[in-house]
Amino acid sequence: MYPEYILTLSCLDHRGIVLRVSGFLAEHGCNIIDSAQFGDPESKLFFMRVHFALEDDAMSDELLRAGFGSLCEDLGADGALHDAKRKPRVLIMVSKIGHCLNDLLFRYRSGLLPVEIPAIVSNHMDFYQLAASYNIPFHHLPLEAGASESAKLAQEARIIELLDTHRIDLVVLARYMQILSPGLCDALKGRAINIHHSFLPSFKGARPYAQAHRRGVKLIGATAHFVTGDLDEGPIIEQDVERVDHAMSVDQLTAIGRDVESVVLARAVKWFVEHRILLNGDKTVVFS
Amino acid sequence: MYPEYILTLSCLDHRGIVLRVSGFLAEHGCNIIDSAQFGDPESKLFFMRVHFALEDDAMSDELLRAGFGSLCEDLGADGALHDAKRKPRVLIMVSKIGHCLNDLLFRYRSGLLPVEIPAIVSNHMDFYQLAASYNIPFHHLPLEAGASESAKLAQEARIIELLDTHRIDLVVLARYMQILSPGLCDALKGRAINIHHSFLPSFKGARPYAQAHRRGVKLIGATAHFVTGDLDEGPIIEQDVERVDHAMSVDQLTAIGRDVESVVLARAVKWFVEHRILLNGDKTVVFS
Amino acid sequence: MYPEYILTLSCLDHRGIVLRVSGFLAEHGCNIIDSAQFGDPESKLFFMRVHFALEDDAMSDELLRAGFGSLCEDLGADGALHDAKRKPRVLIMVSKIGHCLNDLLFRYRSGLLPVEIPAIVSNHMDFYQLAASYNIPFHHLPLEAGASESAKLAQEARIIELLDTHRIDLVVLARYMQILSPGLCDALKGRAINIHHSFLPSFKGARPYAQAHRRGVKLIGATAHFVTGDLDEGPIIEQDVERVDHAMSVDQLTAIGRDVESVVLARAVKWFVEHRILLNGDKTVVFS
Amino acid sequence: MYPEYILTLSCLDHRGIVLRVSGFLAEHGCNIIDSAQFGDPESKLFFMRVHFALEDDAMSDELLRAGFGSLCEDLGADGALHDAKRKPRVLIMVSKIGHCLNDLLFRYRSGLLPVEIPAIVSNHMDFYQLAASYNIPFHHLPLEAGASESAKLAQEARIIELLDTHRIDLVVLARYMQILSPGLCDALKGRAINIHHSFLPSFKGARPYAQAHRRGVKLIGATAHFVTGDLDEGPIIEQDVERVDHAMSVDQLTAIGRDVESVVLARAVKWFVEHRILLNGDKTVVFS
């Protein structure tokens, strides 16, 4: 087996980028396994993801990375080169509703989600045992509703410490019912995914299933999006819906919604981990 | 073949309604073919739809209707008794985008939609020939963007005339791009269906596919709802969605959306025609 | 809170059944909360499910049950009267693939699935710890591929013992990869649900995702059905599908299929537990 | 506006194909608008589709085509170079059920489906007027059920004549209820699309909705596939499903199925017309 990599890049669109990238790969003894690109006619940006194998034994990781750095510089591109076998390190945050956490943990243990999970953070104690059954350290960082800003920042300081200590690549808010401070949102730009339990932009904010019930919609949904300072307005990664009817109570909508939330969040995390998601302003490019 | 009827009723919920209705039917020589009911724990209203056959040759339509009138009075119910074989009379309104019109017309001609369509109304001439190919009178009632209120009311007076002349049961706004006056909305309460080309409550108002594109959603939808004076806020009858991705332009979203709109509107019209839709305040009960 | 019940019945269709049932309920001081019925024009059978509250303090459970027995006798009906609050007792069987088991267990613990699970049976040891983390006894009843018939019957004798000991209402084959003997299938008629990882009747038998991949289908599915002696031919309870494309490997289809399987099986189990599923020959009536 | 092209090619997979193609395009003054590729690890075949603009005024169509011919030769590839603006010429065949025909015609007229339709062929007269309303010549080529082989071949000879006369690129069997002869199937390999009204491989052959009803499935579907001599076994292009329930008759399944058929067939035709479908043995690659 040859070493495999995934490269992603985005830059201003112009003629010849694909040629440049494929030339770079050929020169470095690499064979394309999968490749996708997209040129956005509005933002004039070009996005690319290439999964490839390094088939030349004489080529080193260092030389490849140096070459890729030069390529990005030449193209004026924002680029990244990932070892395809390395498991990204994920920190999961949760409050008192655990179906998304449980779903992610099972995928993790059964090998469906190739990640490391060095820590689970919660402002409650509910899932202490679930974390223990997976041998994952559980950090109880309580934060009361209506806590002062300084209390919140103190709690976040401990989260940031965990991010650093464990060299976290991705934060997943798996029904974490606290709003992150603007500072933390900025620090996590493009590497924190939240699940919102509505089909955004419908039913932002609190109690979306109750809102959906009141409006009498015939489908309910869930949205996985990047966290930004602007609540529920972050770039959307994935959405899905399920049919409901007039006879269903808010509780029934909530129960049906849980399955949608779990699946939507799991897809978004998987795509992140496979380096399939690129940011395009307030939107995402997903090479699924 | 016995004559068949569909009864619908709604009233304050209390014990024994089903018993009363089934007793009434048995006493009048009727056999239940299909029955559905729903008690809303919030509004405390009870809704019922029964499809039945009148199997007693000695029982007349008049007696049955008289008995049903008494039943509704006793129950304090809002009720209706429909001859199941009678085709409701539908007036379709359209502007310059015709896929919903074309879809409804084909269903009508092929017998999938058991209605009479005595008139098509448009503020444009685009579908004059399509109407002609179905032998349906086409009424061109132009109304400029930004027309005065008096011009609008004059145009609507002609629409109202058509509603009366043709004893219209249902008005379908099949991409009719004019806002009806509050007076006409009131007059048509519960018998005018609009198709909005978004998954309401997301993207109300103009150009919803452009709004959806800008927000970067991963599914687009359509909503059939009853027309009310509050634009895009009427009771929702049916919704559906289709998957889209980052590479699609507004035009592509629009093309995909057309198929969703056609199907969603056709379902709503069919359910109306089959007397499956009951109003529950700002929501609908759909016995589908 | 009044005591609540769910009655189900099926009998030859004839005029007046709904009247008889609603009369019986009224006479016994019961108020209908939810009711659904279906008359099959082909089998000439009538099916009914009524959820009701016993609101008369003077009426006892014994009298109600006696009255229901007489009603069923009069109607020639196959009927059942369930205490709506009683949790059905479920035994789950699994082999080496555990996503359905994990999903059911989480729903059970979080209260989404109101059941008792007194035992998990497996022919392998893989989920010993998962069962332990839920405090559910795990019975390892190994059975080799190609075991003799007598070995198989001996293993099944121990399963039957568990069914009796724990007064099991429902057996769920959550990816249990052994074929039950005809005798056990008969004994479990109408109370054992299997999940098959294809959209039946496509891709019966072994390795359905590999079959689906070979055929190049564009959607893959899962089917929950009652277990019968005729493998993969039992009455279908629920099905769903997910989109796939040409670029996906068998492993990817399998991963996507897991989510569909979990949700489809969970729905079927929930409907069973809520007494929503009635057998109609080789088909099911599902009052969902 | 520059002239635009779409190239497709398939060949044995090996390192450097993308580089070769992108080099060819750069050398000929072409800029990639959209590009997709797929390497099948099983068949070891590589597939590619590139949409590009010819931005060099000095480069002629002839030179570009010559260069592409050489490129394909070098790569041992099966390739095609399509003028992106040219509308493919489609012949539609239909019998007595017309929803797919009507749907395609409306998309054609409203510009959603950029094709020419020089002829409609039917073994019945039912859609003579519909064709006339679109100004498309209607060829009534009757063929009785149970016609002799010679009668069939004579009828097909007239079809072949139409294919030649009108230089047809694609034949669409839009519910054409005759089986094509093996000879005609061969002649049309990869350029005739059929809609089958089931989710293949379930319910091959006649009356699939009746088969689905008998089996009690909970979803019904439709499949668009390339026509081959092996009935209902051709490479699948697109499939979709819709939910049904136990209360629906065969007629209701059929009505619901019509909408699925129309949409599935329309997608398949659109993808063909956009040169998005490549054959991979008995399967398709669809760059959607």
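For reference, chains read A, B, C and D in written order, and residue numbers begin at 1 within each chain.
Criterion: a contact is a pair of C-beta atoms (placed from the backbone, for glycine too) under 8 Å apart; a residue touches a chain by one contact, two chains touch by 3 or more.
Bear in mind the structure is a predicted one, so any value in this text is a computation, not a measurement.
Enquirer: Call it same or different for chain A and chain D: same when shared residue numbers make up over half of all numbers used at their interface.
Expert: Counting shared over all numbers used gives more than one half: same.
Enquirer: Count the C-beta pairs in contact for B-C and for A-B, then report the pair with the higher count.
Expert: Output for the comparison: A-B.
Enquirer: Taking each chain's centre as the mean of its Cα atoms, which chain lies farthest from chain D?
Expert: Greatest centre separation from chain D goes to chain C.
Enquirer: Could you tell me the distance, in whole angstrom, between the mean C-alpha positions of chain B and chain C?
Expert: 37
Enquirer: In whole angstrom, what separates the CA-based centres of chain A and chain B?
Expert: Each chain reduced to its C-alpha mean, chain A and chain B end up 42 Å apart.
Enquirer: Two or more other chains in contact with one residue: find those residues in chain D.
Expert: Chain D, residues with two or more chain partners: 34, 38, 247.
Enquirer: Help me check something: in the complex, which residues belonging to chain A touch chain B?
Expert: Residue list for chain A touching chain B: 38, 40-41, 199-203, 215-219, 221, 235-241, 245-247, 249, 280, 282-286, 288.
Enquirer: Touching residues of chain A toward chain D in the complex: what are they?
Expert: Counting only chain A, the residues touching chain D are 15-16, 18-19, 22-23, 25-26, 31-39, 55, 243.
Enquirer: Can you check the complex and tell me which residues of chain C touch chain A?
Expert: For chain C paired with chain A, touching residues are 34, 98-99, 102-103, 106, 110, 112, 129-130, 133, 247, 255, 258-259, 263, 266.
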